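Below, each structure is written out as structure tokens.
Here chain A shows up in two complexes: once beside chain B, once beside chain C.
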Partner chain A sequence: MATRAVEVVYRGIFQRTLARNIVRNIVFAARKDGKIGTAFGRYSDSPERNGIPAKQFAIVCDTALELEESLAVYEATNVDVTINVDDAMCKGIESWAWYGLQPINELTNSGGTLIVTSRQDADSLLEDIHQKDTPYDLAIIPSTVSFSGLWVYKDDHTDMRILGTLCKVCPDLVSLEAMLESIQEQTGSGTKVASVQKAFDRTVTRAVEPGEGNTETPFSFDMPGWKTMEEGLVIRALPQGAGYGGGDEGYVPGRSEVFKKWSTRSMRPVINFETCIKCTLCWLQCPDTCFDVTPDGLYDANMESCCGCGVCEAVCPVPDCVTMVSESQFNDNDSQWEAWQKDKDGYNKWMTVLVEKQKSETRTHGFHHVGGYADEINEMEEA
Partner chain B sequence: MATVQDLPQIRGVKNIPVEEFYSSGHRTCQGCESALVMRLMIKAAGQRTIVLGSTGCMYVANTTYYSTPWVVPWMHTQLGSAGSAATGTAAGLNSMMRKGKMTQEPINVIAFCGDGGGVDMGLSALSAALQHDEYNLLIICYDNESYANTDIQVSGSSPWGANSTFSPPGSEIRNMNTRWKKNMAPMLAVGHPDMKYVATACASYGLDFNNKVRRALTSGGPTFIHCIDPCPKGWDYDPKYSHELGMLAIETGLWIQYEIIDGELTLNGPSRAIAKGIRKRKPVEEYLMRQGRFAHFLPEDIKKFQDKIEETWEKWWIPGLIPITPSQE
Partner chain C sequence: MATVKPKPYAESKEELISGSEAIGIACALADVDVITAYPIRPYDTVMQYVSRLKADGNFDFDFIVAESEHSQFEIVKHASAVGARTFTGSSGVGWFYAFEAITVTAGLRMPVVAMVGNRALDDPGAFGVEHNDAMAVRDLGWHLYWVATAQEALDMALIAWKVAEDPRVLLPFALSCDGSFLTHSQAIVQVPSQDQVDRFLPSYQRGTLQLHPDNPITVAPQVNEDWLMEIRKQTDEAMRRTSDVIKEAYDEFREIFGRGDPSPFIEEYMCDDAEIILVGMGTLAMPTRVAVRRMREAGEKVGFLRIKFFRPFPAEEIRAVLGKAKGVAVIDRDYSYGSPSFGGVLFHELRSTLYTLDDRPLMLNFIAGLGGREIKVGDIGQMVETTQTAIDTGKIEQETTWVSVRE
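The block that comes next holds the complex of A and B.
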């Protein structure tokens, strides 16, 4: 008699199909083991937005009664396995209807497993993942993070590799035999079955001790309940902006205190202040009002509110002046302009290294053109 | 004529006001062009403005529980009610000022609606609002070509053949949405001859859009601006291309940029250059093949799209606006 729960934490829209493939296939396979289960998305994540962290769950039980019992709670409050399909979310997530930062492993049970798809190693991931007071295991699937869109799915077998890993780390949930049989039945693809098996064989886990990981306290907010709301449900407007750093020059917009949006980001703009021609385009075209205007008329992306869409990089007319760099390279949200002001040579060196490194990384953020995904998958296979 | 604020045309991007009245803290998608419409709209209108929003992405994603990105007064109204809310607010301000309950001053009233709230449901309320020439109000339709908030259903503004949750391409029938996009702005311009100002716009051309908002707000009557907003979620593309796809929509001749000031039509930007023959239209294939919603298209579908664009430019009485031809008799 047992109930097993799995959550998939994913990027809204970009990884929705991926997450659905994972949770549905868990339940299909569990049925082959004579169990019963259900797969569902979190109601409060709908409607999803591109990039904003969301969750889907799979619950597997031995009996129908246990399943009913588990469904009596709105969503799982603890899970045996947390699957994180974008390693940038190891820094914590602010989901669409939630306030404050939720650690990626918040729901992971003592002795449970956190599965992450990442090119980083365990030590660098643990710089981001918040510490817990209970032990758990970390399993890394070494791969480029898989992003696609609402209509066209990038079928790079990430879902299959996660399912294979899952069978290894949580055999109580579903057996490998059942999974292989079910995948064959669902997809009719021998290569997918092979991907599941290969991932199962290659799985390595690393024990994470209590207290190990990021020691920062995740930010949180006290939101008013319905009894403490203002009359007429009035919500106070944001404050007006002011000069940069409180001075007379430059401009910093008033920003929301209760929603930061940075956990939506998997890449961030890195700016070369030396080559900037002050054309205003990055600032003007930013949908998130995230550029602060500095006293010297430059534009400094505010890392608390930037969601990493990359429009600034796309509109910038100067080569390599704005470059989107993987979030894994950073451990803070500090101002780049201030860093550059303090030590221009140091900043320029740091930036040049980052930008060069980024050029070798093939991280894509969704649909580019018809046939693009096939090219990306071919490249991955050759590499 | 209603009194209006002094909002001069902005000459050059460097003179765009730095102050923000729509700021960070909204939960829209990465690369959301509609959020950019909100930001640039209120940037041009300035602080003494009331904004009203009907249900849609720009309501739901902007104002999750007890939070807001707005610095100016903003109110939510029901899905089809952008027009009614605008008229009511403008009328309310007028009478408050007449009765001395408020200081006499011109206050901008802007109501926005998505294509679902404007092109479909709110059309009648919009039409009514545009008949009241005693009120100075602006209605902006941010058109992302679907009911994007509720996960992409077809609207009257969705293009022919586009994938959506209501029109998934199947093995038997490839193109489930068999309707062409409604010709919204010309319909309102033709149907409401007393309107002071009608324009189409795209936030990819930020300065142009800023100036259109200012021209609308200073025209002293009911006005309408229709914006095309590339939507990374529903159109299915990498969010960094939002700006580029907006430009492509215009450069391919699919979306036409114009202003109708007191009944006089002027094309602007690339659309003007295309009409004058200075610039060639790009093939629409460049635009279609960049979006997942058209990924199922075969060459014949692309041709059909291209032919439709040719027809709008070559055969219509007023290219891109009036699909009526006077009889030769």
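The block that comes next holds the complex of A and C.
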């Protein structure tokens, strides 16, 4: 019995074609090795939402009977290789349709490999990636978040680089020879074949020991049963005024325990409270009602419900009052307003540095600053 | 009317496609004239695929995106009346929104072929598979077939036009495809050549019933009670005749294409000496077969019967298989609130089917996989265990069991 499974974790819609190219090419190439396979998306991600984490799988077996035994239409319970095409998701993911945080490496087998496209180094990524009881390898493909295959974005060969790396880290899945032959046949492109070969040759893995990584317990909750949930599809809201502890307790940002969705974002809004004119537009337009009105009439984005869409930045009439900043810059979900209250000068300095960095170099698909995307592409092409 | 033959299928070849895409390719191979569409998941996957085939110049047909499902089904009904080969489809509440048009399609004997991407009915808004949507046509004169694999989706679509358009039948045909497991999973499928399909599938000839200026007729007048029963009886006779037409078409299909189970109506899996037989429809066949194999390895005499045609319901074939068993465990991916045993629709059909036997097996019903929940191999083991207990004690403690539902 030889069943090999691969998952691709990607940003819904933006990276859908990229993910599809990867899983389909795995199955095509495995066919050249005389194997049989199937490719499918996790249906609970469907219909995909912009940027919301989603998964596609490729399962490859020696025989059709083995393929049936692997029950390869359901989400796999464990995979040989996890491919993450947006390093911000190293913090863990949740799809739009269910709630609770899944560590990026949750399905990765003992001795398996996690492939991440990233400009960060392994130690930096492991601050975000949750620890596991079992060892695995981490392979980093130097790359920005690729939108290859999405409409106007140029094809940057990210799929080919991932496939080359995959052949190296999991030769039982598919041989390099079969992959090269299949890519030539499917695409007719010599440069794509070269990209696969180059990525294969350059693959470096780093062993991750059990217990190494982010030690936080991922957010989870128990789903109610039919005897305990409310009848008539009712979900109770927080009572009015629940955001305020009263007296000395002050301001307590609150959200329903079962409707957090923060891990879905790749960027988050950073607020300049000094320039806010209290126009209410961010509060009004946020599709996830994540802005809390503070006691002094300002608006604080609740990081347990923000999915990072950037609408607040787009509707804010004040230049640089709301700026979308790469999620990789943050390690907590703390209230910005509270930090500003405690130390205004400190907060303002921290915020200014972040925003300037965002403008000049960090990747972004925010509305105000296109960042260094063009430079990053050049950098990747040289890599 | 579409006349250009698609070029990409000059030779039989392998494709990596989903069940929906397989049906899209079948539309091209069958040279369908009119396709109507209105988006709803999971049916929309076939709509997207035929759009692409058209955009790429691989399939020439009239593509009408309607303003609602109701119009979508009305348009194909009318197109069918003038002699066009038609295809359409929907899912869940979209299928229900089209219901007025769906009933008249059968009433007027229009051989429309539709794909139902099975989806849970609202509320709650959900996308996963449940069979109640498609089952709602069971009393209307539609063929109703449950597909299990992408290959079967392509093959049965071709058979569907052949059977539905046969002058002895002229009844619409619904291909029921489990949302997600079939509509969104890509498998290796053998796509036949255009030449093979042309040998198998004749063009649609409505003959003297065709609405055309050269053939002046009125279709669908209002009638009273002095006409209605005779009209119903005609449809009934057509549905009675179709079983033979299906057999004929299926045998011819197997001969030309060289694949397919022995029976078009049912699939038997290790039923021969089975004391307990599981029964179900659609893609749940996959975990069920795996579970049956494992139980067989452990020496248990267990089998699985997959019902493929729900209408016409293959009562004789089913009696021949289930009549030999001691216990029958029916897996319903649907539910009928307030039904005789507070159970599933398939269960009640089967109990009715087996009633005429002198020696009836004991029957239990399991409600599983609603809304797309995974049916696990272990769940099926539990079903068999419960059935075995009932056989051993001769007593049914609980007729219907909800499988893996949180209390």
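The rule is simple: the second predicted complex is superposed on the first by the 320 of 383 C-alpha atoms of A that agree within 3 Å, B and C clash if a C-alpha of one lies under 4 Å from a C-alpha of the other, contacts with A are read in each partner's own complex, and residues count from 1 in each chain.
The rule is simple: a residue touches a chain if its C-beta (ideal position, glycine included) is under 8 Å from a C-beta of that chain, and two chains touch if they have at least 3 such contacts.
For clarity, every value in this text was computed on a predicted model and none was experimentally measured.
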{"item": "Chain B versus chain C as contact partner of A:Met223, first or second or both or neither", "value": "both"}
{"item": "Partner chain in contact with A:Ile36 - chain B first, chain C second, else both or neither", "value": "second"}
{"item": "Touched partner set for A:Ala122, first chain B, second chain C, both or neither", "value": "neither"}
{"item": "Which of chain B and chain C A:Val73 touches, first, second, both or neither", "value": "second"}
{"item": "First, second, both or neither for A:Cys276, with chain B first and chain C second", "value": "neither"}
{"item": "Partner chain(s) touched by A:Asp288 [first = chain B, second = chain C, both, neither]", "value": "first"}
{"item": "Which of chain B and chain C A:Phe28 touches, first, second, both or neither", "value": "second"}
{"item": "Chain A residues touched - chain C or chain B, whichever exceeds", "value": "B"}
{"item": "Contacts of A:Ser46 with chain B and chain C, given as first, second, both or neither", "value": "both"}
{"item": "Interface residues of chain A shared between complexes with chain B and chain C", "value": "46-47, 223-224"}
{"item": "Parts of chain C lying in touch with chain A, wherever the complex brings them together", "value": "14, 16, 18, 41-42, 123-124, 127-128, 179-181, 184-188, 283, 286-287, 289-290, 293, 372, 374, 377, 405-407"}
{"item": "Residues of chain B defined as touching chain A within the complex", "value": "13-14, 16, 18-20, 22-33, 35-36, 39-40, 47, 60-61, 63-74, 149-152, 163, 203-204, 206-207, 232-234, 236-244, 289-295"}
{"item": "Residues of chain A defined as touching chain B within the complex", "value": "12-13, 46-52, 96-97, 99, 149-152, 223-224, 229, 235-241, 251, 253-256, 258-259, 261, 264-265, 279-281, 284-290, 293, 302, 304-305, 307-311, 313-315, 324, 364-370"}
{"item": "Partner chain C, residues of chain A touching it in the complex", "value": "24, 27-28, 31, 36-41, 43-44, 46-47, 68-69, 71-75, 223-228, 233"}
